[in-house]
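Paired with chain B in one complex and with chain C in the other, chain A is shared by the two complexes that follow.
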Partner chain A sequence: MIVFIARRLVISFFVLLAATVIMFVLTALSGDPLEDLRQDNSPNRAAKIADRTERMQLDDPLPVRYLSWLGNVVRGDLGVNRDGHDVGVMLGDALSATLQLVVAATVMAIIIGIVIGIVSALRQYSGFDYSVTFAAFICFSLPVFWVAVMLKQYMAIEFNNWLKDPSIPPTVIGALALLGGLVFGALTTGDRRRRLLSFAVGLAVTGALFTLLSVTRWFADPGFGLPLLLAISLAAAVGFTVLSAGLNPRGPLYAALGAAVIGALASEVLTPVLSDPTWLEIFGLALVTVAVCAGLGYALGGLQRRQAVSAAVLTGLFTGGVIFVDRMLQAFNDYSAAVRGRPISTIGARTPNFEGNFWQMNLDSASHLLLPSMALILISLATYTRYSRASMLEVMNQDYVRTARAKGLPERTVVVKHAFRNGLIPITTLMAVDFAGVIGGAVVTETVFGWEGMGKMFITALDQVDPMPVMAFFIVTGTAIVVFNMIADILYAYLDPRIRLS
Partner chain B sequence: MFHTRTSGKFLAVVAGGALLLSACAGEDSANKPEASGSASASAPAASTITYAYEQEFHSYNGNTAAENATRNNGPLQRVLAGFWFYGENGEITPDKDFGSYEKTSDSPLTVEYTFNDKAVWSDGTPIDCDDALLFWAYKSGKLPAFSTAGTTGVEDVKLPECNKGEKKFTFVYNKPFADWHANGPGATELLPAHIVAKQGGLSEDEFIAAVKATDKKKLEKAAKFFNDGWIAEGALPAADLIPASGPYKLSKLDAGQSLTFVANDKWWGTPAATPTIVERFIALDEQAQALQNREVQIIEPQPGPDVLNQLKALEGVKVNNTTQYTYEHLDFNFDSSEFKDKALREAFAKCVPRQLIVDNLIKPVAPEAKTLDIRNVAPFQSNHAAVVQASGGPGAYAQQDIEGAKAILEKAGKTGLEVKIGYQTPNPRRTSEVQLIKDSCDKAGFKVVDGGSEDFFGTVMPAGNFDVALFAWAGSSLVSGWGSTYTTPTKCDGESKGNNNGCYSNKKIDELVKKLNATVDVAAQDPILAEIEKILWADLATIPLFQHPGLSAWDETVQNVIPNPAQSTITWNMDKWSAA
Partner chain C sequence: MTLNAQAKGPGASTDPQGMTIVARTQGQMVRRRFFRHRAALAGMIIFGFVVILAFSSIGFLGVPGWWDKSYLGTGALVNQGRPTLSVVPQFLGGDGLHLGEHPFGQDNLGIDYFALTMRGAQQSLIVALIVGVVATTVGTVVGAVAGYFRGGAEATLMRLTDVMITIPVIIIAAVVGQMTGKSGAVALGLFLGLVLWPTLGRLVRGEFLSLREKEFVEAARAAGTSAQRIIFRHILPNTVGVIIVAATLSVASAVLLESALSFLGFGIQPPDTSLGQLINNYRSAMTVRPWLFWWPGIFIIAIALSINFIGDGLRDAFDPRQTRVRA
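And then the complex of A and B:
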């Protein structure tokens, strides 16, 4: 393993080095770095041209410029851009903006995409499957800039207008109810009667839900409250137990339910801490949650101890997440008032000079992240859905899945343990490449939503024929691709023991 | 195939869980009391006004060669006040709060400057002699270690004689200078000398002595700080390095996001109307929606028909369509094209559809747009009408005359003459302009060729590989900036021709430009300007087309927003902005 990594690193280093030469030369030759100054008719044009020529070493031959760049990089100096800005500082700011923007979106896209993909694989050729396929292809072919403008118009501007009087018109409730009914109907298998029944249930439940939300003006002051919190976490407990252990024997279920109850109660008990915590405290609470839930699972798990532990821990963390969201929602009202009643924003990474408690600050970040994340998720969701559906279908038709069924394993075990894990292998490559790409930034999304990220830095520098920022960008993204590909290989070996790294 | 039935149960449970979650969400909210102070749209009198600008602020010192840009000087003009600023319509306006200046003698030209007695930097240090000396030090070119964006005017000023702590200083010129009224330290140009001295390891006395002796060695460290020490790398420099001399001071730079100004409590003039102003860095295309969502209150987006309609459709938003100082024009190549022959220039000028270009390309963006009659005085300047009148404007070329053009071409025997119109691509508007010119000039017998090139400014124009060049100049209310565009170059090559790309030459113009630059009486400049325009039209040195349209829009609850065509942009009076 270590030999493998070392060899890969050495080879990658030389590949990267060669690539920097190409990148530098191509950037430097891509245009005229003095173009904007040539259109300048101010008296000081000559001085400006001389100044930039000297800073960018435009009078030196290319190899000299490259070597001097390389020499500086070896000494840890990324140089300055054409206006004398420190590229190291630019890179730091851009990288942190990009990470904030894309990491959450990518993780969400991966999770949602894989879940939808698997469900549509399990429901192959059902109405749900066709709808997902259709939607995936639509999303796949949408231009980002257009999605972004639409999101800004309807999810931010119109939504904020609507928030002044958050009642949902009956026609919209009707449409949403119909949609809910269709989803439920499409997800159900069996004869027509059964599907109609679940369509009716979906219709009624969704309709009732949105009517209630509208009548109570929930959106004006959202939040869960203890009873709902409890209900959500108990439901999650059942769900996680079904996924990890099944409902029989009862041990894991009790452990998960216990985790849910403790979590929900803790949300009240911990109010002094939770009213204005720090990230460190939140992290600490998460650790405590894991420890307590693991203990619960261990104690109550019985024969299925391992599954019980994972069900309890997942439930605990999920409950914690719900409490987190609940607290943010409770802060919504004050936050909304602080930003003049227009909480969803179209541009930038935060409200300038906004000061508030922990929850309001997070809400501020969230309201700025919402639209760009939705744009990114919509686009990359399609890939993950299609990939995971295809790979899941392939696995489900393997002999070992049939064998697992033949020996009488419950469907849950077949899907979760035998099929799912194997189905993940091809997706791993996709994830690794995607993550590496993500660090390179999402040029269009960053520009449209006003995030000064990596993509923006790269495109601006390229536009200005300025090699220094381009090279800094390249070093980071190039290294990321090398590293993530290596991680993909290592994950391969972990997921599929037949693969040996050598 | 796998078991549909069993996996169905499995899914039903998951879906059931989801259903339970969503169902419960509704029930509980019924128990919740109605929000008592639900978010109201109308906030109390705004303590903050936010405006959008496309580029990020980068240096407290916008006077060095690299940082001399609107991204710095736009935000800084009410932070670093000066004796004058670009006021309404870009006119030179004395800042009476800051101090006063007057011409005390014509020969030699002498201008006396007096700082306001109460003038202090926001750190309490009085604004006086040493600050004026710093201005002279970096702008006169006598101390080249200080990076400067230009020495025009100040290079002819003798070292101001003033002593430590004095509030008065005098500029004595070696030769008359027409723009003397905008040549003293204006807004953004006067920087705190006590900071530079301290960072350069000098006391105030030592600094004053060193400047007076133009002691390059002693000032080396100070100059280094002047050039680089005020650059904002990801955050503003330390607060004690960037004191303000205007109604606002810089408070915070959030890299890539925003710049915050707060009212300067040491400001001695009319206090700022709004305590906090925020500049948000937002790409031009995204500003309209940001205004619609009221994340900013003032925007200056890229003018275009779509964005104009979008803004006009918004409720509670004022849209303004004033023009900019930049103007589009056609330049003939007098050196290496057939247009050396004046008759051919006449023919071409007659067939260029100036009105059609404005109608088709500019009016959709700026409904009030007109063709441009003269080059060096913008339509919104107070002396524009007078200069147009006195010069006669385009005269015979005001109306398109294809038949006339045809006749001239036929007479010269040049029908079918190929005309390469060069411009920098990509630029869709200029491509359309060339197309419109081609449509009508081809009728007159020219053969217009679209000479657009991605390297037009880089190599094509310097080498003179064009018959007609199409591009824009940035205008100004000053007269000293554009003279070199029309004066005879020493040699017609990329290095020596400067801004006179077509190598136009006329002895009369050379004299007039020289005379203009030496005319210190502003009113006396108009007849000379008119004379120059008259000759430029008679010679057909260039053909002015139109003034570039500007576009700004703001929330109508914000008062006193006045767009400005000069590079000072809309922020020139930000201390007057107020919002209900």
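And then the complex of A and C:
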């Protein structure tokens, strides 16, 4: 294994080195770096040109420029851009902005994509499956920038206008209810009567939900409140228990329900802490949650102790997350007033000069992250859905799944324990491949949403034929791709004992 | 065809129970499976329609088209440039079926937007098709040489492929676009194709690696067949399915890539236009003239989606394990 890693590292290093040569040469030859100055009419034009020529070493031959860049990089100096700004500093700022954007979007895309993919595999050839397949094809064919501009128009500008009077028109409620009914109906298997029944249930539930939201003008002052919080976390408790342990015997269920109740009550008790916490306190609370829930699961779990602990911990963390969102939503009114009633933002990473408490600041980041993340998620989502569907289908046809069914295991255990875990293995490689796609998506999304990240830095620099920032960008992304690929290979061999690294 | 006719004749006459087994060539089976794939068929019709519309309407290479307005000429703004296309029949309360003076509307200078969109679609299609052809040719040659000859050639070519794959597609494409975008669609497509071959190269190499060990290749080699003949006559026909599918899908992604590049300003440069360029130009007009933004987007999606469906249908058609044709 160590030999394998060492060999891969050495090879990767030389591959990356060769790639930097290609990138440097292509970038330097892609245009005229003095173009804007040639059209400059100011009296000190000659001095400016001489200045830039000197700074960018334009009089030196290309190999010399490359080698001097390489020498500086080895010493940890990324050089200066054409205006004399230190590229290392630029890169630091841009990297943190891009990571915020990319990490959140990728995690969401993975979770949602895998869930949809697995459900559509378990319901193969159902209406849901066909719809998901079709939707995935549409997603593959969507230009990101087009979607991003659409989101800007309809999810930000029009949505903000609508927020002034947040009542949903009856036709929209009807359409949403119909959609809910169709999803419910498509997800159900069985004869026509059962499907019609679940269609009706879906229709009624969605319709009632949105009517309620509209009548109570929930969007004007969003938030959950204790009863709703309790209901959500209890539902989550049941859900997690079903997934991890099943409802019989009762031990794990009681542990998870206990975790939900304690969590919901804690949100009231901890108000002094939660009114304006710091990230450290939030992190501490998460640790306490894990400890308490683990203890709860351990005490109540009985024979299914391990499953009880995981169900309780998942419920606890989920409840914590819901409380977090709830607090953020409670800050919505003040925040909305502070940004003159236009909470969903379209430009940049934060509102300039905005100061508020912890929740308002977070809400500010979240409202800026929302749209670019949605655009990015849409790109990766289809890939994850298709791959996890295919991988799950393949696993479900394996002999060991048939064996598991034959020995009388409940379908839940077959799916969660035997199929799901093995089905996830091929997804690990996908994450590495997808990374390059996400970088590409980020370049486009950052341009549309005015996000001062790596993509913006790259595009500006390329437009100015300035190799230094382009190379800094490439070193980061190229290294990340090489490292991710290696991690994926190692992880694959670790997860699937049939694969041997050599 | 001839094989089919031969097999059918004697087969039908000697089989009293009507259980005729019709022998089909590989090509016939592929065609049959493809034409049963409804989505692929729909994709092919839509793609054909878009291509014919784009090239016949405003003409191409000096050949005039049937649409009388030019994508260069400005004109008087009619009704603030709103689209005059109507598809809702009169008995449903619409204006009836007609194209009108400016079916896709006009931009703020009064240029006919239908002509402009068609010009954009032409350019985007040209770039995408050239990228597909060039990338497929280079990828196939590299993969074939590396997979068949092994040794030093393989090591060199595959390291080159590794190097190219390390650079994210959009990055290398943007750099290439910055260099060649000014020289027009053909140059852009050519150079984009020259940097986008590595994935296909790897795919073809894999196929060659497994096929070169097969008995029929061994037999050909034993009979003294030249390497060139083995590659082109014996191995390549067996990989043609994989290559065609990959080529089709690469055209679909090239359409999206070209539009993204033009949107970022590294693709086709003004005064010429492409679908991405149009979206970039008019994105600020979204609130006042939304149609300037909608039409090019719809055409990009229609092209990419239809090619993706064709690719999916081809994949199913070429897959020998495929017994059931998915809807």
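One rule holds for everything that comes next: the second predicted complex is superposed on the first by the 488 of 502 C-alpha atoms of A that agree within 3 Å, B and C clash if a C-alpha of one lies under 4 Å from a C-alpha of the other, contacts with A are read in each partner's own complex, and residues count from 1 in each chain.
Rule of thumb we're sticking to: contacts are C-beta pairs under 8 Å (C-beta built on N, C-alpha and C of every residue); 3 or more make two chains touch, one makes a residue touch a chain.
Here the structure is a predicted model, which is why all the values come from computation and not from measurement.
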{"item": "Partner chain in contact with A:A337 - chain B first, chain C second, else both or neither", "value": "first"}
{"item": "Partner chain(s) touched by A:L16 [first = chain B, second = chain C, both, neither]", "value": "second"}
{"item": "Which superposed partner A:L26 touches (first chain B, second chain C, both, neither)", "value": "second"}
{"item": "Superposed model, chain A: greater residue contact from chain B or chain C", "value": "B"}
{"item": "Touched partner set for A:G408, first chain B, second chain C, both or neither", "value": "neither"}
{"item": "Partner chain in contact with A:D463 - chain B first, chain C second, else both or neither", "value": "second"}
{"item": "Chain B versus chain C as contact partner of A:V205, first or second or both or neither", "value": "first"}
{"item": "Which of chain B and chain C A:T447 touches, first, second, both or neither", "value": "both"}
{"item": "Partner chain in contact with A:Q153 - chain B first, chain C second, else both or neither", "value": "both"}
{"item": "On chain A, positions contacted by chain B and by chain C", "value": "31, 149, 152-153, 157, 447"}
{"item": "Partner chain A, residues of chain C touching it in the complex", "value": "159, 162-164, 166-172, 174-176, 178-179, 252, 256, 259-260, 263-266, 276, 279-280, 283, 286-287, 290, 293, 297, 300-301, 304-305, 308-309, 312, 327"}
{"item": "Of all residues in chain A, those that touch chain B in their complex", "value": "31-32, 34-35, 38-45, 47-48, 50-52, 55, 83-86, 89-90, 92-94, 97, 119, 122-123, 149, 152-153, 156-157, 160, 163-164, 184, 187-190, 201-202, 205-206, 208-210, 212-213, 216-218, 220-225, 227-228, 231-232, 235-236, 238-239, 242-243, 333, 336-337, 340-353, 396-397, 401, 405, 410-412, 414-415, 447-452"}
{"item": "Touch list for chain A against partner chain C, complex", "value": "11, 15-16, 18-19, 22-23, 26-27, 29-31, 130, 137-138, 140-146, 149-150, 152-153, 157, 436, 439-440, 443-444, 447, 458-459, 462-463, 465, 470, 473-474, 477-478, 481-482"}
{"item": "Sites on chain B touched by chain A in the complex", "value": "1-15, 17, 19-32, 34-35, 37-41, 43, 48, 50, 56, 58, 65-68, 147-152, 228, 231, 233-234, 252, 254-258, 260, 276, 278, 280-283, 285-286, 289-290, 292-295, 424, 454-455, 457-459, 461-462, 471-474, 480-482, 484-485, 498-499"}
